[in-house]
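To keep things simple, chains are lettered A, B, C and D as they appear, and every chain counts its residues starting from 1.
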Amino acid sequence: MQFLSDNAAPVHPRLWEAMRAADAPDTPYDTDALSRELDARFTALFGRECAALWVATGTAANCLALATMVDPHGGVVCHEEAHIEMDECGAPGFYLHGAKLLLAPGAGAKLSAEAIGEVLAGITRGVHQVPAQAISITQASEYGMVYRPDELAAIGALAKDHGLGLHMDGARFGNACAFLDAAPAEVARPVDALSFGFVKNGGMGAEAVILFDTEKAEMIRYRRKRAGHLQSKGRYLAAQILAMLDDDLWLENARAANAAAAEIAVAAGDRLLYPAEANELFVAVNAEERAALRAQGFAFYDWDEACVRLVTSWATDPAHAQALGKAIAAL
Amino acid sequence: MQFLSDNAAPVHPRLWEAMRAADAPDTPYDTDALSRELDARFTALFGRECAALWVATGTAANCLALATMVDPHGGVVCHEEAHIEMDECGAPGFYLHGAKLLLAPGAGAKLSAEAIGEVLAGITRGVHQVPAQAISITQASEYGMVYRPDELAAIGALAKDHGLGLHMDGARFGNACAFLDAAPAEVARPVDALSFGFVKNGGMGAEAVILFDTEKAEMIRYRRKRAGHLQSKGRYLAAQILAMLDDDLWLENARAANAAAAEIAVAAGDRLLYPAEANELFVAVNAEERAALRAQGFAFYDWDEACVRLVTSWATDPAHAQALGKAIAAL
Amino acid sequence: MQFLSDNAAPVHPRLWEAMRAADAPDTPYDTDALSRELDARFTALFGRECAALWVATGTAANCLALATMVDPHGGVVCHEEAHIEMDECGAPGFYLHGAKLLLAPGAGAKLSAEAIGEVLAGITRGVHQVPAQAISITQASEYGMVYRPDELAAIGALAKDHGLGLHMDGARFGNACAFLDAAPAEVARPVDALSFGFVKNGGMGAEAVILFDTEKAEMIRYRRKRAGHLQSKGRYLAAQILAMLDDDLWLENARAANAAAAEIAVAAGDRLLYPAEANELFVAVNAEERAALRAQGFAFYDWDEACVRLVTSWATDPAHAQALGKAIAAL
Amino acid sequence: MQFLSDNAAPVHPRLWEAMRAADAPDTPYDTDALSRELDARFTALFGRECAALWVATGTAANCLALATMVDPHGGVVCHEEAHIEMDECGAPGFYLHGAKLLLAPGAGAKLSAEAIGEVLAGITRGVHQVPAQAISITQASEYGMVYRPDELAAIGALAKDHGLGLHMDGARFGNACAFLDAAPAEVARPVDALSFGFVKNGGMGAEAVILFDTEKAEMIRYRRKRAGHLQSKGRYLAAQILAMLDDDLWLENARAANAAAAEIAVAAGDRLLYPAEANELFVAVNAEERAALRAQGFAFYDWDEACVRLVTSWATDPAHAQALGKAIAAL
């Protein structure tokens, strides 16, 4: 029973079908019929014009999105535990040519407008200091917490006031929409660029970079090629994403994952370090208890000495989630 | 009848099977069982120790391979029509942090030891000039021509004499091996790093970077992550590559593509601008003739005013190749 | 008798005086009174608004100027023997984060609008190819030749038509103005950014980057700092440049250097490989003749097997120039 | 009476003399007689073989030194208030191609082996995280505090144990040597590369990068050129540095600056936020008091709401220091 990562889940059957259907020869790179459909499909989904590009990973999506906002001498305000800071091996430094991440604190790996404002207030020394040019937030956050619309609006207003771009790392954007029961248009309202994640949500190897500033689309297409991310058989990536959008499969999958997490969360009760809002749980269990859970067949990741991380996915068997909940309650 | 690009061909059925089989959950990134098999499998294939990493594209493979050899202030000797110079939107400049491509001429987009030697002889002005640190050759070349073992040996000796790394862009390495009827070990003998291409040869989105200098493997794993090329569901890429290696599918596919090209080549006769050695043909046909061929249902790429490019693949229907040959002969 | 390089000449006495005068304490970096004078002084000189920054070298000046025009994924059309291509150890690749130099031929290291146009006409393959974003020309050229106003106008019109920035490497801008007997405003008319050289013309270690697009000044001030070129005692660099501008010392010095070169040129006659327009001469003398000249006390640089390079400076003793002319005539 | 910055001080008369003496023509760049003397002179000073290169700024010195130790995908452990983190506009990100600064805390902007060890202990997640490759410390620190030999030894041992390079930002290295009354060999004993500052200590625009790993000298010479820091009239930089070394002028100047600071420090007493060890003082005075001091003719920098920064230099008039001390005492 696997709660290690949503990355370990299989590919959704409807994506397999869509990929097989893409086997018919078409023109290479992103000139095929499927890839050419993306802009319109996401424009419809978000209710405002956008450009959409497939890439293979969330890291590439984040970095390319940020490259539309940040000069090599600029900076990006982000949480001190953001994925771009902690888990991407310095990828933003590579893609942004040495631009700096300007770190802010915040509970549950969420930024507040206030915390961002404090970082900005410290930038006073002209050319001796890296100027902020963008803000990046993660929705849902690295601890599975979800920004509410008013929080997003406050951060969006701050970005606008300071002339900063606003990027959303949406590796688990679907889980956030599912939790908020809100339309993607609402959840991404103040955002200039979104990394819309599908791989953790039933995909194989396709994420979408969504640019609401469509004037940046041309440059980012060059940057994608230059980064070796313009796959020649791009139609298989487009097929995955389109299948995800069909009948809101992305939302259905995210709901399933959230539901499985919620079931465990209820059972975990006070052991939860953060409220269960998406599909990641951080649960205080000690070494002995971890061993006991593993002995019962549960696989998960030791986050640190204080807690373990449990991740559910679209494919989590509800019975497994139930079983894990019971096992934790019984500790 | 499609001769536009080997990128337009479908994915081979055995790769589909292998990818489906990889659906069983496993650990993420490259820690799964399939990814961990790669080093041993390629070591067996090449008869010498190597490290093997999957990436999604040939551009990423080339650039990561070169990053093991070239400092940001260094240079790579390559052909003036090499893919890394002409077709990758400056990706080497990005991955190598501004390192320079040092261009040499040569018929059929092949380099000779002599032409490389002339570039090296011109580097005499100390720190004012970029020092050469590597040589990159393409096997088969951008015009579908194949380096013979003695040519490779001469270039390898030159590289060794000058302390330079030797990289082989093997986007069509299989086609070269098939043409030479030689073991991959022989075709890659003097090489330090190889981009072993599978996408054009029946794959979906997986190429292999092969490092014969295994001490460089660690750093290149960091660089892959940093470039956003460490896919979280890497097992699907590993599955493709392993299926290609099983029973030498890669060689079988390459032979099929070469055979189709050869059939057309015989019919094209003197119209061929380069000898037909792999699966690309450059054929002199004028505008009127192009129209006539297209009217008969043949799709291909206008290379320039002098010629068209015809590319066959593992999936080319022999009847289509025969038909195209006849059509060209009848012009 | 020294004709090796204008870099070897001493610092002009009036610059020494100006630097000594700057010894009075002032605020650091570029906040001192002298540095703050630069914008206005160059605006007056060029008759249009510009921003002016000191840097220590022509390489830094060129690269910072180009950074106002070229994205990391972009390209700069320049001559295949331009200093930025041949002599700066890949500095543009460093400062422009891997942007590409797109090379064009041309007699005497001068570009024509036609040659540039041919490079641009070859950029047709979308994201697979680096897009041109700027043109860089050298005035006077690497072979001491000077662009005429009509040539500059044609290149400027081409740049405008294609939406490209136009940069002028003016390491010997003074020599060009002196030769043309034209106002700097005229010589730099179509240019967006100029590297205005002073070091070869009697300076110690200060060149000026002139930006006619003043909106770019802010970003380039950050880039200068980031490149380690914002010297804390910048007032000594500003002092050099201001002294050069006072009473047109830069022009007086350039005229002296040109006059010395002209004197030698007349004597060299048919041996000249390029017309003598500035202060560099390329003179066909064989090995025996070189030895003979050196035996008479003349120091110079062997350019290649065909010719030597003779460079005069503001400090060249007219008697030395006369002597060298006679010596060459007597060969 | 100027206590704003040691950067505001004039150039020492003996450096003026040395620069004037360098006016005699010599070969350009770093091929002149003075530049060629540097390696031997610093080897003598430090009692072990080293390579020494002039550059114009401390930022360039720091970044070039670090480039000998850190890959683009690597990291540098430094203090969270280190100059390279706070004051160089992201220059390390530029020069190191996106490498990351890994921040550690410490009183007085000094790192301890323990604090560094904690950063290293947190690097456990393989390729997802930037690996540490170097440590950078500032001697004297950004708050004017000096590492003692045993502290240096502990950090050196840690670096060695972890295979990390050790860099010392010695913008005020002279002040540290003066305070410790120790030979430079001792103060730099565990260090692999040192930025030896002269500009704040009576120079005009020349710092020295000292590489004790002389095998790295060749690459760093290329990098200096590539960064536009190889000045063509380098002899004037070499002249400054050699004049500083003659008769230990650097030490004499540093002692004078320290003595002036010490005089003020005694008077400031409990208002000092950090012990006065070098030539920088951080003194708690409120807004009213600041106004009072300024009204008496003292110029200084408002560090933050809590304190002002007072910096003395080689040129600080002892009477001015005495006056400032009295004025503070009288507040």
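Here is the rule we use: a contact is a pair of C-beta atoms (placed from the backbone, for glycine too) under 8 Å apart; a residue touches a chain by one contact, two chains touch by 3 or more.
Predicted model, so just to flag it, every value in this text is computed and none were measured.
Taking the mean Cα position of each chain as its centre, B sits at the greatest distance from chain D.
Counting C-beta pairs in contact across B-D and across A-D shows that the higher total falls to A-D. Put simply, the C-alpha centre of chain B and that of chain D have 49 angstrom between them. Computed centre separation for the pair chain A/chain D is 42 angstrom, with centres defined by C-alpha atoms. Chain A has residues 29, 72-73, 88-90, 93-94, 97-98, 127-128, 222, 225-226, 230 in contact with two or more other chains.
Chain C meets chain B in the complex at residues 72-73, 75, 86-90, 92-94, 96-100, 125, 127-130.
Looking at the complex, you find that chain C touches chain A at residues 29, 71-73, 97-98, 127-128, 131, 219, 221-226, 230. In the complex of the two chains, the chain C residues touching chain D come out as 2, 4-5, 7-11, 16, 19-20, 23-29, 55-61, 63, 88-91, 93-95, 199-200, 203-205, 222, 225-233, 236-237.
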